[in-house]
Amino acid sequence: MSSATELTDLTIVQGRDGLRAKAFTAVDLTLAHLHAIEALNPRLNAYLSVGHAQAMEQARAADAALAQGDMRPLLGIPLAIKDLFCTTGVRTTAGSKILMPFVPPYESTVTANLLRDGAVFLGKTNMDEFAMGSSNMTSYYGPVENPWKRRQDATAVLVPGGSSGGSAAAVAARLAMGGTGTDTGGSIRQPASFCGLVGVKPTYGRCSRWGVVAFASSLDHPGPFARTVRDCAILLGSMAGHDPKDSTSADVPVPDYEAACERPIKGLRIGVPREYRADGMPGEIEALWQRGVAWLRDAGAEIVDVSLPHTKYGLATYYIIAPAEASSNLARYDGVRFGLREDGEDLRDLYERTRAAGFGAEVRRRIMIGTYVLSAGYYDAYYLRAQKVRALIMRDFTEAFAKVDALLTPTAPSAAFAQGEKMDDPITMYLNDLFTVPADLAGVPAMSVPGGLDADGLPLGLQIIARPFDEATMFAVAAALERAAGFVALPTLRAGG
Amino acid sequence: MAYALQGRTGSWEVVVGLEVHAQVVSESKLFSGAATAFGAEPNTQVSFVDAAFPGMLPVINRACVEQAVRTGLGLNAAINKVSRFDRKNYFYADLPAGYQISQYEHPIVGKGEIEIECADGSTKMVGVTRLHLEQDAGKSLHDQHPTKSFIDLNRAGVALMEIVSEPDIRSPDEAGAYLRKLRSILRYLGTCDGNMEEGSMRADVNVSVRKPGEAGYRTRCEVKNVNSVRFAMHAVEAEALRQIEVWESGAEVQQETRLFDSNRGVTRAMRSKEDAHDYRYFPDPDLLPLVLDQAWIDDLRVHLPELPDAKKARFMRDYGLSAYDAGVLVAEQTSALFYETVAKGRDPKVVANWVTGDFFAILNKLGRTFENPPINAAELGAILDLIKDGTINGKIAKSVFEEMVGRAMAPINVSLTENLSPSDSFSIRIDPLTIVDEMGYRQLTDTGVIDATVDKIIAANQDKVAEFRSGKDKLFGFFVGQVMKATQGKANPALVNETLKRRLT
Amino acid sequence: MALDPATVRRIATLARIRMDDAEVTTLVGELNSILGWIEQLNEVDISGVDPLTGSAHMALTMREDVVTDGGYPDAILFNAPDRIGDFFAVPKVVE
């Protein structure tokens, strides 16, 4: 039987194989992770809640099923669930004070799918409040520490990225074998890049949003984190699928993503969009990008120079549309039917006090922007204009995909930064999402794969973007990149480390 | 003559537009699978979607879309094959999400029209600007607790059709006629039950005034949630008078939302502070454009029931009825159906007189409707048959009718008729002939007896005979009356007339 | 389109978020900065472009008119901060 440390180092594929080969049990696997969480979570603050009893019960049930020869793809695999997914009977806070008391009486479709396929849920992970942020610093429940440390300064506490910082930190630190996140402006891919993980934002509508606390409805994408491309493919295969309860859910069959990872990429055309550069971007990132291009070329792909001319307008477009939708989606948090309530003299007072007390500064700021850009007289100038620019951004992708099968870009314009950095003004923080936001606006699938380390020993990610519903090609390219990159570095803070 | 109100400075014209919110007849709600039935225990017909819990999403109900399209077709309106849902954002206790899903720039139905019948018998076309689908809000109860309001979300999410008229209405009478006609069309189509007391149909009355001949419209005010046709008509007048007073005092009418106080007969401003509702409409990102198939729309059109206007025209043409009588009969499908059942194989005008006269009167008196009349179409028809074949005369028939109703309403029998089902229209439970015989109502047609009676009356009233023969024609009625009295009303009127004419002239 | 404190207060009222003077002042600065940064979209030539309202390229799917939901008042009221009987309670509203 493997030791506890080795168990937490396993990939999902290894875990699955080991369980089926009876090398260890699901209970072993879950216990190992629960112990690791107990040891490391007080420092990392990746988990907001840990469901010991429920996890053990699920693990025992998995063992019983395994004994019957049950071949479900995630049977007994312990996962971390972002606290944006409603889980029946388990408190769901969205990283906010306003939902601190909220216990959902229903299960999100995505997590129900994972449970259907036999997964074990270890707990709910920390996140930027209402998914608004790129550092996990806006969580009411405190920041998350990135398990990676700078070589030059091991005392600096780094951010894991956001908004799905908790899931990313948990998976990176081996406190879970995989995790769920949501990506609205980059909130899966950017933390994946900061934490040396694979993170997938699938096509819009690929995964159901039912039961996922809404931030920006036309931009929210549930998706997986894992330590390998193939693990993510397995997770996505389980999470994805049509949901009649979500009107924006795509009625498109789910192919075998795991098999797609084996597809050779010889002859595929890979586009390199010249606009994916930022002022002040470290030279290392540009260098990694070039290395990525070379790897793909060596694997037989054809490299094509492309242009996505409206890339630089992505952030501004996003910061009109996302706050606008959020300002409306968050109107339901009013202290009447669930969540925090602050008493008031009258109804209006109750609303105003509850929301002032329950929402953090970033959330309040975005609600204000959203309310403003939708308000009388400004709709055309802001929201309508932004939706038109969004159409142009989408057209850029459509035109590029007429020439190429996938795009390769850096994921983020920097490696993980320290807590407290980039806090001078909101815009500096927003710039983290420069390379990730366009794929959210266009709804095209995109994922981040760890490409290498910077001079400070911090992971840097490479992003692959593909055509709508062509995650298969995206996984094929990602797997090729992963093989070539040979990323084996481990974070300093990790289970058994 | 156009309706006008008199102010201190002269005549004023009233301009009215009506926005009707009609609850759609459907089993479940517009965007959720919760039930819509009226009168359920609080919060028992509420899904997590209706209560706007985190992560909940809307899914549209096909039947509600169908009902909206059918209503549009019934209003002769353009059906927009592509329409869109928008969020109307505002905060209120009965609006769980903090926004209402509605349709703003691209409604499902465009321009249409309704023909209304005014009190003076004239008809007028009132334009319909648009019809769109939207969610209803929940209910707040403000009188259950000293310091708190109670919220029941049963109604939250029920489908509403908002039907907006052009500002073509010019009087309280026209407003009433429009509402009644619209309700009739909705009930014919089965898309809304039009029950204003229960709140399944509500009207917002937009009123402005202007001097006759004045171009353009002055500022209007909206009187919200009027829940009866009568109140809508009163509200028009009350609000118009208020506005006239404002203008004549030299001030300007401010645009505002008001409520109609039916007890005092005036409108008053709503107490919620202005903050000029900025609804921040934007397309609902949880929904996609609603795209309708032309073949589907055509199929709905083919299967529409005959609507009031068409039925009225047919009644006038095929049964020779007056516009007024036809209008009365087609106001409800049930009365029209009842009429046609009785009229089959009988004199349509006679039937119309009976139905619009005695039958309507007895329904009113007993608080019944054509859905549960005390006697059915077959039974009424049987009475009319007895007149036709001479068994009884018209006046006696009314006594037979009353006696039949009385027997039907007797406690032992009333349950038989309370929940009349359509199939009962054809079975005769109380035979009028039995009553005729029991009460000795058979018509007297024996000419010998009539002659003898006439002679007796003439002999006893020689002075009047002389007066009649010298030119006082009106006295003929006196003789008829005396003969009828002498025969307990049973003499055949035609024979009486004929005999009297022979004897008197 | 620079925001002034009065506008910020009006928006805060629309958004039903209580705000003291200090926060209003801070927000005036932050929001103006963000809105100024967003102005760059004015550079884009959007003539003849149809706005995109979401990246899902489909039309609305309709569901059948069957009662499939509701009927669980306790679950609906379970998280209520103020529940009285089978109602949600709020401070009394005067219309």
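Letters are used for the chains, namely A, B and C, taken in the order the chains are written, and counting of residues starts over at 1 for each.
Following the convention adopted for this analysis, a contact is a pair of C-beta atoms (placed from the backbone, for glycine too) under 8 Å apart; a residue touches a chain by one contact, two chains touch by 3 or more.
As the structure is a computational prediction, the values presented were derived from the model and not from experiment.
Chemist: Look at the interfaces A-C and A-B and say which one is made up of more C-beta pairs in contact.
Modeler: Result: the pair with more contacts is A-C.
Chemist: So, comparing each chain's Cα centre against the centre of all protein Cα atoms, which one is closest?
Modeler: When every chain is reduced to its C-alpha mean, the one closest to the whole-protein mean is C.
Chemist: Express in whole angstrom the distance between the two chain centres, defined as the mean CA positions of subunit B and subunit C.
Modeler: About 41 Å, centre to centre.
Chemist: Just curious, how far off is subunit C from subunit A if you go by their C-alpha centres, in Å?
Modeler: That gives a centre separation of 24 Å.
Chemist: Report the inter-centroid distance (CA atoms only) between subunit A and subunit B in whole Å.
Modeler: One centre to the other, that is 59 Å.
Chemist: Residues touching two or more other chains, restricted to subunit B: which are they?
Modeler: Answer for subunit B, listing residues that touch two or more other chains: 48, 51, 59-60, 91, 93, 149, 151, 278, 280, 285, 287-288.
Chemist: Where in subunit A do residues touch two or more other chains at once?
Modeler: 102, 105, 217-218, 244, 247-248, 327, 331, 334, 336-338, 347-348, 351, 371, 375
Chemist: Using the touch rule from the top of the page, what residues of subunit C touch 2 or more other chains?
Modeler: Where subunit C meets two or more other chains at a single residue, that happens at 14, 16, 53-54, 56, 58, 60-61, 63, 75-76, 82, 88, 90-93.
Chemist: Quick check on the complex: what are the subunit B residues that touch subunit C?
Modeler: Listed in rising order, the residues are 26-28, 32-35, 41-51, 59-65, 84, 91, 93, 140-142, 144-153, 259, 270-272, 275, 278, 280, 283, 285, 287-291.
Chemist: For the complex, give me every residue of subunit A touching subunit C.
Modeler: Those residues of subunit A that touch subunit C are 101-103, 105, 204-205, 217-218, 244, 247-248, 250-251, 310, 313, 316-317, 319-320, 327, 331, 334-341, 343-353, 355-356, 359, 364-365, 367-369, 371-372, 375, 378, 381-382, 384-392, 394, 425-427, 441-444, 468.
Chemist: Hey, which residues of subunit C end up touching subunit B in the complex?
Modeler: That would be residues 10, 13-14, 16, 53-54, 56, 58-71, 73, 75-77, 82, 84-95 of subunit C.
Chemist: Provide the residue numbers of subunit B that touch subunit A in the complex, in ascending order.
Modeler: Touching subunit A: residues 48, 51-60, 87, 89, 91, 93, 96-99, 149, 151, 278, 280-282, 285-288 of subunit B.
Chemist: Along subunit C, where are the residues that touch subunit A in the complex?
Modeler: 1, 3, 7-8, 11-12, 14-19, 27, 30-31, 33-35, 37-38, 40-44, 46, 49-58, 60-61, 63, 72, 75-76, 78-82, 88, 90-93
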